[in-house]
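Got a structure here, written out as structure tokens. Questions coming.
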Amino acid sequence: MAAISFFGDLLQTISERGRDLIGFGRGDLAARANAQELIKLCEDLISRRGEASGVALARLILDRYASLARPERANFLRMAATEFAADHDAVDEAIAAYRAAPSRAALGALHDAAEPRSQELIRRLNLARDGTLALVRMREDLFSLRRALRDEEADPDLIDAADSLDSDFEHLFASWFNRGFLVLRPIDWTTPAHILEKIIRYEAVHAIADWDDLRRRIAPRDRRCFAFFHPALVDEPLIFVEVALTAGIAPAIAPILAHEREPLAPREATTAIFYSISNCQKGLAGVTFGNFLIKQVVEDLAREIPSLKTFVTLSPVPGFATWLDRERRADAPQGLTREDVEALRLIDEPDWHADKAKAEIVRKAMIPAAAAYFLRAKNERGKPLDPVARFHLGNGARLERLNFLGDVSRKGLAQSRGLMVNYLYDLSAIEKNHETFANLGTVAASSAVTRELRNNLPPARAVALADA
Amino acid sequence: MAAISFFGDLLQTISERGRDLIGFGRGDLAARANAQELIKLCEDLISRRGEASGVALARLILDRYASLARPERANFLRMAATEFAADHDAVDEAIAAYRAAPSRAALGALHDAAEPRSQELIRRLNLARDGTLALVRMREDLFSLRRALRDEEADPDLIDAADSLDSDFEHLFASWFNRGFLVLRPIDWTTPAHILEKIIRYEAVHAIADWDDLRRRIAPRDRRCFAFFHPALVDEPLIFVEVALTAGIAPAIAPILAHEREPLAPREATTAIFYSISNCQKGLAGVTFGNFLIKQVVEDLAREIPSLKTFVTLSPVPGFATWLDRERRADAPQGLTREDVEALRLIDEPDWHADKAKAEIVRKAMIPAAAAYFLRAKNERGKPLDPVARFHLGNGARLERLNFLGDVSRKGLAQSRGLMVNYLYDLSAIEKNHETFANLGTVAASSAVTRELRNNLPPARAVALADA
Amino acid sequence: MAAISFFGDLLQTISERGRDLIGFGRGDLAARANAQELIKLCEDLISRRGEASGVALARLILDRYASLARPERANFLRMAATEFAADHDAVDEAIAAYRAAPSRAALGALHDAAEPRSQELIRRLNLARDGTLALVRMREDLFSLRRALRDEEADPDLIDAADSLDSDFEHLFASWFNRGFLVLRPIDWTTPAHILEKIIRYEAVHAIADWDDLRRRIAPRDRRCFAFFHPALVDEPLIFVEVALTAGIAPAIAPILAHEREPLAPREATTAIFYSISNCQKGLAGVTFGNFLIKQVVEDLAREIPSLKTFVTLSPVPGFATWLDRERRADAPQGLTREDVEALRLIDEPDWHADKAKAEIVRKAMIPAAAAYFLRAKNERGKPLDPVARFHLGNGARLERLNFLGDVSRKGLAQSRGLMVNYLYDLSAIEKNHETFANLGTVAASSAVTRELRNNLPPARAVALADA
Amino acid sequence: MAAISFFGDLLQTISERGRDLIGFGRGDLAARANAQELIKLCEDLISRRGEASGVALARLILDRYASLARPERANFLRMAATEFAADHDAVDEAIAAYRAAPSRAALGALHDAAEPRSQELIRRLNLARDGTLALVRMREDLFSLRRALRDEEADPDLIDAADSLDSDFEHLFASWFNRGFLVLRPIDWTTPAHILEKIIRYEAVHAIADWDDLRRRIAPRDRRCFAFFHPALVDEPLIFVEVALTAGIAPAIAPILAHEREPLAPREATTAIFYSISNCQKGLAGVTFGNFLIKQVVEDLAREIPSLKTFVTLSPVPGFATWLDRERRADAPQGLTREDVEALRLIDEPDWHADKAKAEIVRKAMIPAAAAYFLRAKNERGKPLDPVARFHLGNGARLERLNFLGDVSRKGLAQSRGLMVNYLYDLSAIEKNHETFANLGTVAASSAVTRELRNNLPPARAVALADA
């Protein structure tokens, strides 16, 4: 009647069952074998009624999965994708029953029958301590597998199955990482080092060079950083935003990241600049965080620092260089006049931006082009081409300013010809902006931006233009 | 461009929309009107694409719901149950498509179409801060509604719809309150008072009279209490268990709850008695906690106090008195001999238990009857009649002892004729016990218990008997 | 080279040394013997140079002391008081050296020589974990001893020695419990129960009946409670104050303590009433806390709730009944006219306060008498007779109002004939009030109070009167 | 009756008083003036009776002090040292009274009179929030002043006064930073960055190059770090120790600090190596921490990791190179034979330690020399020359091993010719070792060390040698 570890006992119980699976060699055969063994354990986990030992079994599966080599893990995921589908016979029966008597109960039964068994599997794996993080990591492996399947032009059914498994993850993660479960925490110089280390690693917009660089971004009194956390992933930020408190809307990134600065007293700040926002967990792709984060931070900062009146981003324009090059080569550009094309030849010259005269000529052509890029150029769904624009406009922000040479770093020049923009979060207008953008594709923009749009462009899609 | 509260703005936006709904009178008409207004807001919440203002809208709906009078809330839930069903046309289309080409994608589409829209509604309401608790409370209202509908013999369709809405809650709560998200916390005399107040209120087995009584249960060094919490319901215990550390298996509850006791040094304890386990949130009915709680506490205590060798409950037998009375009146009792029936007449006399001679006569008849109650009497699903027995046996515990006059309180005599039992949690046997019980209905019992079973009972269902 | 417990080893080392002390019988002899043994250990502690084992030895002494019976502890303290005096020979030498060459170093040496060795003993006992609390408790025992010595008219030298030991405690406690080391913490319904239990126990002004009563004082949104803690006494409040947020200056205690009240929204409060302030640790008598506590709470509340404009106490007048009775019996009362004496005869009648007519007659005499009590009656040091008045006036507060029948509880009528008063903390006047009170004995009082003073009183000590 | 800030009011009150002090120019005159103004405020602080405004006044003085330029601060400290001495007249009176009647009370009065007023000043300055840290920093300035006074051969009286002021600080700090008030906290990779930054800065033995280096020392599972903190200095470690868990006594530092290592599972560790211990606060010089830290860490580690049997340092020998050079040049060396001197010529050659043959020759001479350095060479107080040896032996540790070429870093070769040693903390022997070392100067050493001592050395001081 000894009280030895529950896990220990369970392992024994399970290993008796799985004894014949022991003793595989190395290499691909072993990989498949191990994966197959894991699939068996998963079947076991999903089929038992009482959940009596579910916690330990889930932990065992996740531990074994983590110990597998990469190809073994891929094998496991292939099998999981195909073997935990819904049962087609059961679906057919449920359809028949529903057709016979389309009651609510029959529909419920149909819904249940049509649910992939992989959803229940994922839920049960989450019984384990730290299971959620393990599942997030597992989905990252699934991304790799899906890429690989597409690259190797695998069986479409298999691709389908893998995509479907990914949807199961996304569906459950969206439920588990619901806004109501997220916790906002400030990140500053009193934050534990193992969290800060991840901020350094996950920063995706303006790379953080080292700990000194990090310190400059979070320690001064006119800098803020906030991250969302989930209680089940205590040490893992989900998304974070870096904020500079300033005396006005910043048009360029370099002064914000400067090494030597005199910090501003927060009570003298009028403007909060959101200059970097990074998602941290690839495995949570498709789950919305940024939208909630920005709004929460705006509210919290407005309460903490009453002098703040303006909440604005300083954002890159990642699609601009590609679009501009295409326009310049086009027979009938949508956003450039002939003169603009001519003027923009200068940007092919090295260091054009450092030459004041050249820069001024470029500016006169580039700013109207940028206005067209944001206000007229649309993708097939009628939304702006620029992904960052789609994010902020979709949140209800307004395109406020076009900043010529806002980012003259190598990356800034390469991807956006130095252009940066500000999106303004005006809480009193967010709801309306969001709705017109979502429903009509209308881009909310300041008159300063719309004024830049040339009158003499071809009429195409001018309909989508609006002044907020 | 002012940074006033996001909620404030949203309220304005929404109230413009809802202006025509303002000004209802009181009473039932108003109730329906308000409920209808809320339903409109719910439609709004569920249909908007960007989630831009979902947080504030969800908060608004939940706040308004909380401010409704009881009949208004019932009205809202009636409407919600019927109006957020799946769209039958869409289901029919999805069925057709799936039949035409039964691909994984088509099945996924069918699954989506068959999902009640109320599930998405619940998910979106959970965007709000403290939304989860509000939803748990809402489900409690739904229980009342469902009872009322049955009582008033309402339209079966409506009953169906309400049951279906309840299933949606249960399904999502099971996912959100997954074991992986629960946090175990000790409850002791250093716990904040507002938590302790709830322990007093929620105790369901042996009522806690007042703060002094509570103190006696959690402050002494040989007493422990543990509760599960969920990060989204910070101040609300979900379930808790009270534990006494003793030098042997306790056969009666009174000494455990005694006012004057000399506490035992923990390192001298050999046995942990789980003498009370209470679920706290009616709104989470159907979500499994107790199973996980007991196992976690066994593991933690075994680690903390190495001298502990035995983990056992001291449990009531809530169905025993009813069964025994039925048996005594039966023409052909299943668990009593003619002599037993005769002997048990004594329990109709007042204070029989206080008379040693009478008690001894009763004991000789009651203990074999109890053995029959646990080992032979089964419900329609082949499981024991006693709900507490089903819980612990389902967890993999073993019925260890039958304690005559273990609880001579008024409640104890009324519901179980004074009987209490011990269920033993032996971690090395839990898995096997659970499986045989789940699959075959076999009751794991000590030989001390099985020995009590009379040989001369009728043969019925003796099949179900087993010695662990 | 085993790493067994440091304490264990030390105990062995020490017990070898003290073996001959083992084996005492019970009773007084044993008491003295044990006390003597402890004194030896104290000598050991104080004389060792390296502090190598001081922590364990200090712990041992304090543990043994705690395990002694009361008379043994008294014996120990007697001995400690006499045996750890300064060394007179060393003092004489130091005096001689200082006289020969009155250098700073010689003076320092003299200071060191004149320090009672008991101070160093107390410092070293504080090396032990939880030593500070044990020392506070030890001083409480010393209070009992000093009372007993006076009661039994003991040798004046011994009384002197005990008083001197008490001064050593007070001196060190004043240094250790310096304001800079105190931590202010709010006490509310989320505070751990073991702290709240002490609030109930330590409340000294308006007794807290039970947990429900406590809840009414700290849980509502218009109630606050704050306590000072010291990091070395984590679970022991040092002093606490109870505050009611109201819409005006409360003249009576009953409405504040009422069972059924509609709580006020804090933002509608204009006034914070400090209606109870209690010291918790008798062993810290003489160390100032209340002054700092009130000022800190005023500052914190003013910051948290900008609508608060008035900070005022609602205080008992514990010396009033005694003084009034003396005056009434006096041949030449200082604060009553002949008519007043006549009118006040009514207060000898039972339930006079419940009779409106009688109460009105009493009021007209009592309020001027109260004005005289506060403004004219002085003790031998020229300060008001009332101890609560001395405390608040010494803090720089102003006597703001005299509240007739402010406390009609049995205690309130007995000790102050129902009178309560408000002292106002006006931060802009505190400094000046304090200085004039400290230097001149001038009582700061509102004109409403000074107006009540009769003109026709005898001239004695009228000098001390002033209007703030 | 407005509730504006208490500090604000006080500042006004005080500035009225000090108005004539406003308007000083810059430079030395201003410095003296500002210092003088501060001295006046200090007089004010120390003389007021009621402590009514002490908190704010103390804060004001400390803030002003912090804002002074370095020479102004020095001026303030000069004045404070001379002007807050004890009052000689009062001392003379107290002596006379004591001589007339040498009572305990008279002695107490003498003790009080002889106390420098600067002690009371320091206590009162500590009323301020964060006052303790400010006082620690002030003592650091006092160190600079004392050095400067000695360097400039200032008036001996002034030097005396400054030394005396320093004693006051040390006396009070020893009381405030008593072991009983210290808190031990682990330092690891989850520690807040602003604390870790200070660990990097304060490490005094083996410098921490950067954050990666820090991470290697505190993040791996076989590394530990612990620091003492004081509640009044929350973000300032007082002292910390770095520990490596190993499978045996490490003879060299390089493997411990290696970049690429396979960490050991803690349960496989038998030995805890204390390889670096650093005091953090210069202003707390003279207050004992290291002794308590090591013992506490030994106890805690022994409890946490039962497999640990040996607790040992890996220590530098900072005085060895100097002593060895002196010996080599001496006519009659105390610890070297003629042959040793000859062999040790090799260490004057560059990179001698990298040549195996040379190193072996050196080793044979250096190890006996090291034995003599530790066991025979004594300072004027009969203690070992080496300061690190005095610390650990004074704590009761035993000199366990001499490690030739234990530290071949530039610093290691320069200060100790590569020698490192292990001191063993055997808790069962600490008390005895400490006492014999403290009383007799006996060095506890393993037989492995004592065996190395040559027999043919001159007899001087061989008495002090002992084998533990």
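Going in written order, the chains are labelled A, B, C and D, and every chain counts its residues from 1.
One rule holds in what follows: a contact is a pair of C-beta atoms (placed from the backbone, for glycine too) under 8 Å apart; a residue touches a chain by one contact, two chains touch by 3 or more.
Given the structure is predicted, the values throughout are model-derived calculations rather than measurements.
Engineer: In this assembly, which chains make contact with chain C and also with chain D?
Structural biologist: Correct list: empty, since no chain touches both.
Engineer: What is the minimum number of touch steps required to go from chain A to chain C?
Structural biologist: The fewest steps needed to get from chain A to chain C is 2.
Engineer: Which chain has its C-alpha centroid at the greatest distance from the C-alpha centroid of chain B?
Structural biologist: D
Engineer: How many Å are there between the centre of chain A and the centre of chain D, using C-alpha atoms for each centre?
Structural biologist: So the centroids are 51 Å from each other.
Engineer: Could you grab the centroid distance between chain A and chain B? Build each centroid from C-alpha atoms only and quote it in angstrom.
Structural biologist: 38
Engineer: Can you compute the centre-to-centre distance for chain B and chain D, using the mean CA position of each chain? Integer Å is fine.
Structural biologist: Here the centre of chain D sits 60 Å away from the centre of chain B.
Engineer: Mark out which residues of chain D touch at least two other chains, giving numbers and ranges.
Structural biologist: In chain D, no residue touches two or more other chains.
Engineer: What's the complete list of touching chain pairs for this entry?
Structural biologist: So, checking each combination of chains, I get A-B, A-D, B-C, C-D as the touching pairs.
Engineer: For chain C, which residues are in contact with chain D within the complex?
Structural biologist: Within the complex, chain C touches chain D at residues 1-6, 9-10, 13, 48-55, 85-86, 88, 91, 95, 98-99, 102-105, 107-108, 110-111, 114-116, 123, 126-132, 157, 160-161, 164, 167, 172, 174-176, 178-181, 183, 231-232, 288, 291-292, 295, 298-299, 302, 308-311, 394-396, 424, 426-428, 430-432, 434-435, 437-438.
Engineer: Going by the contact rule at the top, pick out the chain D residues touching chain A in the complex.
Structural biologist: Residues in contact with chain A: 189-194, 196-197, 210-211, 215, 219.
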